[in-house]
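One chain, chain A, links the two complexes that follow: it is found with chain B in the first and with chain C in the second.
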Partner chain A sequence: MKMDRREFLRIAGLAGLGLGIGTGASGWILSRGIEASEFIPSPNALTAKRWAMVVVLSKFKTEEDYKRVIDACHRFHNVPDIGNPKDEVKWIWTDTYEHVFVGQENEYLPEEFKERPFPLLCNHCTKAPCVRVCPTKATFKRKDGITMQDYHRCIGCRFCMAACPYGARSFNWRDPRPFIKETNPSYPTRTKGVVEKCTYCVELLENGEMPKCVQASKGGLIFGDLMDPNSEVRKVLSENFSMRRKAEMGTGPSVFYIIGGGEEDV
Partner chain B sequence: MFEKALVGGRRYWTLVAVLLAIIGIGFLVYLKQLSYGLGITGMSRDVSWGFYISQFTFLVGVAASAVMLVIPYYLHNYKKFSRIVILGEFLAVSAVTMCILFIFVDMGQPMRIMNVILHPTPNSILFWDSVVLTGYLLLNIIIGWTTLQAEWKETAPPKWVKPLIYLSIPWAISIHTVTAFIYAGLPGRHFWLTAIMAARFLASAFASGPALLILLALILRKYTTFDPGREPILAVSKIVAYAMVTNVFFFLLEVFTAGYSQVPGHLASFEYLFFGLEGHGRLVPLMWISILLAIVAIFLLVVPATRRNETTLKVACIAVFISLWIDKGFGLVIGGFIPNPLERVFEYWPTLPEFIISLAVWATGFLILTILYKIVISVRESIGPGEPAH
Partner chain C sequence: MYDGGKIITGIIIFLLFATFPFYYNIGKAHVKPDPKLDTPVIKQLKEKKCVESKSYMRAYHMQLLDDWRNQALRKANRTYRNEEGKLFEISLQNTCMKCHSNKQKFCDECHKYAEVKPYCWDCHFVKEAKEGGAAR
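Let's look at the complex of A and B:
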């Protein structure tokens, strides 16, 4: 092919322009940063500036009330029941007051109160220590305040488990699949060697559904936007005394406990 | 120069064969861990780091201790260290390799290790730890190899290596500081959340590393033509003495803060380690052995007569090494997890597979050390006695 000087310059100029536009565009995309949680939300999706949960303890009366909530979560998310505390995986579970509100033990509390189980789950902290320490960003913060876990990026170093002040994280010490009674095909099962925890049912929120535990709680768990002054969580928090676990750590936990009073209060 | 590692006597090859056998067995057990998962170890939801990470923590200290020979020799021109400074640098190479291997065997998804580089995360201390450890490994390989090569050719080492040697000094401090930061920055772990952690790590490193070096030098003298000389050994023993006393002092500062303030969170792990908590006290005997050995070691190291006597010095060095291995290679990491964040006590003990894999990692480090020291000795034998040219 023959090419004169003029044509060469023309082609070179066009190529240069193309290169410039390409570089500029990719530079703009990279500098902007791509969020793992970035997508076009479904029109029915429930959205919030900062999701939060309120536990209304008075609504948990019988063992069945706790079991229903835990089972709803664990069944939906394919959480295995391995049957020994060493390899245990749990997203939501219970413990008693002195273990839940560590450092606020009070031996003169009413007996029934000392024995009473409290539901526990990930606090989706504003300043989450697990997110801070993760060496691969496998644990990351969404814009709506949810602390997420990428099971495919996690290298299984378990730094996040050492960092979490709430013991909210579980590691798959072995293949969990044989220990799932009935696999739910709409949520992924995990592999051995990765960390997992509560996700505030982000995949349900996207379809306009409340988290499984909230649905199963019959009003014992209230879920909503902490930044919206008209939300139900804000309403109950403004009318009742509430507590958060280890708030003195500066982690900004987003799970609140309303522990006093009768049912009428809420 | 490496060809010198390929010729050796019966004793050398026996040692290499034994170490390779241990590594082989460990590798097979590791394959088992790879297929079953980390549940093969004693670790649990509550004690989520165990023997592997505590060995890593201890060995970072051994690696950093090379600087205790580099500073006197290169910064203060203390010529008597000329024959042993390379032992420190190659010990660092071996120790850092073990550190990296211990992190690797502790990973749940080891095939994803490159994610640390693919998704670099500067807010994670583990990211910085991988940076400083890799850097320190390279520095010591380059410095040790280049200076030994110069010695072999009986010339002065090239000029470009000097800045690297100076760089290796703060770098050695950095590896143990960053390792301490892994622990000292976690809000919910009272036992680790202490500003003196990095200082305590360094003090214990500068005692355990040089103590091991004295023992290694004396072993080399017994079985090879290598002679470290009496004076360098005495000088290093003083370093061990100062560092060990400093380490125990730092530990007592921790005990005071926890014990006098009586804040339950600060006290709990100490109680678990030294007296047992809620009827659980698996680590109690080990921790008291550590204390006892520390007392014996300090006595033998501080009294001039026993420090200068080679037999008692050996006992002191063994005591320092074991005491600090228990303290940092076991108690410090495990103790931080007990009680758990909900103040419940779940204990930990390594399983047999976990122990065999750890032993194989130690064997790998010792194999690297054996080969590197063999090269050093053969080079020295080939050039004959006398001070190196630089």
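Let's look at the complex of A and C:
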């Protein structure tokens, strides 16, 4: 077939036009399905600029007070009880003063403080080291200050565990399912090979509920918006002396401890 | 052609091997996946409709689930408004599986046929697992 220049250009032009229309139309057809749908926050969600928690230590008197809070969290979130410290998975736990407030201990402290357990959980730091080191952005910072993780994306490298100065993160060395006594069917478990920690119960906050530990604490844990001057956390913090764990590291922890003194009016 | 006999024999043997899956399966019943929609919750629905149209869900449920996860987890959007304006709580375990409680007869039916192995069930629960049968 012989083709002159003019003929060739005409065919090439038409072909180009057809291709353009074809891809445009198929793209439109493919994207059409979800055009009218949208994602919105739940209507009764609790919101804050920066969520924070205050631990009022004087309200934790007996072992039962700690257990009630820890069990409420661990049961709801299907946290396994593996039973050996190496494989331990924990969202909220306890430790002694010298481990909790490192560098602030002195030998003349009241005996009561040296021995008593302190409730511990993820500090949801402003400048969270775990977020900075995560290579897949599985751990990330939400707008409301919560340090959240996406287990779908976690590759189990454990950089975050090395970075966290509070030991708030646990690795699933084995399948957690056989170690969960009573499973809560409304919440997922984790799988072998991912790192997990406290989430400040985001899914509850977004449905208008306070975190499980706060609900179970009978006033021992106070939760609210640190950026709202009228919130309960701000009120309590303005009236009592409080401490944060390893704040000198510049992580900006959002869990405050009110230790002794003036506890009766909290 | 040099060594014609050997070459042709080779080609024939090759073709026999290459087409083995085809004539091996000739006449065998071709079992189509048949996902079941007969769970108690679905039976009680007046209008039997998923969050989006059947054809959309069939083709794009994986993208939808992906969007759901990212929106809920990362953007704090836990509610989905579908094309008709109906609202749904974004949750695989509590919304999808509430109706499709028959994972083995619904999800697995096609997934097995298509030989895809989604790892949803490593973490998310299926309630039917309690009544015996594998959880995953």
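Quick note on the criterion: the second predicted complex is superposed on the first by the 224 of 266 C-alpha atoms of A that agree within 3 Å, B and C clash if a C-alpha of one lies under 4 Å from a C-alpha of the other, contacts with A are read in each partner's own complex, and residues count from 1 in each chain.
Operating definition for what follows: a residue touches a chain if its C-beta (ideal position, glycine included) is under 8 Å from a C-beta of that chain, and two chains touch if they have at least 3 such contacts.
Fair warning: this is a prediction, and the values are worked out from it, not measured in the lab.
J.: For A:R116 in the superposed arrangement: first (chain B), second (chain C), both or neither?
T.: Once the two structures are laid over each other on A, A:R116 reaches no partner at all.
J.: With the two complexes superposed on chain A, say which partner A:T251 touches: chain B (first), chain C (second), both, or neither.
T.: A:T251 contacts chain B only, not chain C.
J.: Report, in rising order, the residues of chain A that make contact with chain B in one complex and with chain C in the other.
T.: 191-192
J.: Using the touch rule from the top, collect the residues of chain C that touch chain A in their complex.
T.: 52-53, 56, 60, 64, 67, 69, 71, 73-83, 89-90, 93-94, 119, 122-125, 127, 135
J.: Flag every residue of chain A that touches chain B in the complex, lowest number first.
T.: Residues 85-89, 95, 98-100, 102-103, 129, 132-138, 153-159, 161-167, 170-175, 191-195, 246, 249-251.
J.: Under the stated contact criterion, what part of chain B meets chain A in this complex?
T.: Of all residues in chain B, those touching chain A are 36-39, 43-46, 48-49, 103, 106-110, 112-113, 115-116, 118-119, 121, 123-127, 130, 182-183, 185-189, 264-265, 336-337, 340-344, 346.
J.: Would you mind writing out the residues of chain A in touch with chain C in their complex?
T.: The touching residues are 33-43, 45, 140, 142-144, 148, 150-152, 177, 183, 185-192, 202-203, 206-207.
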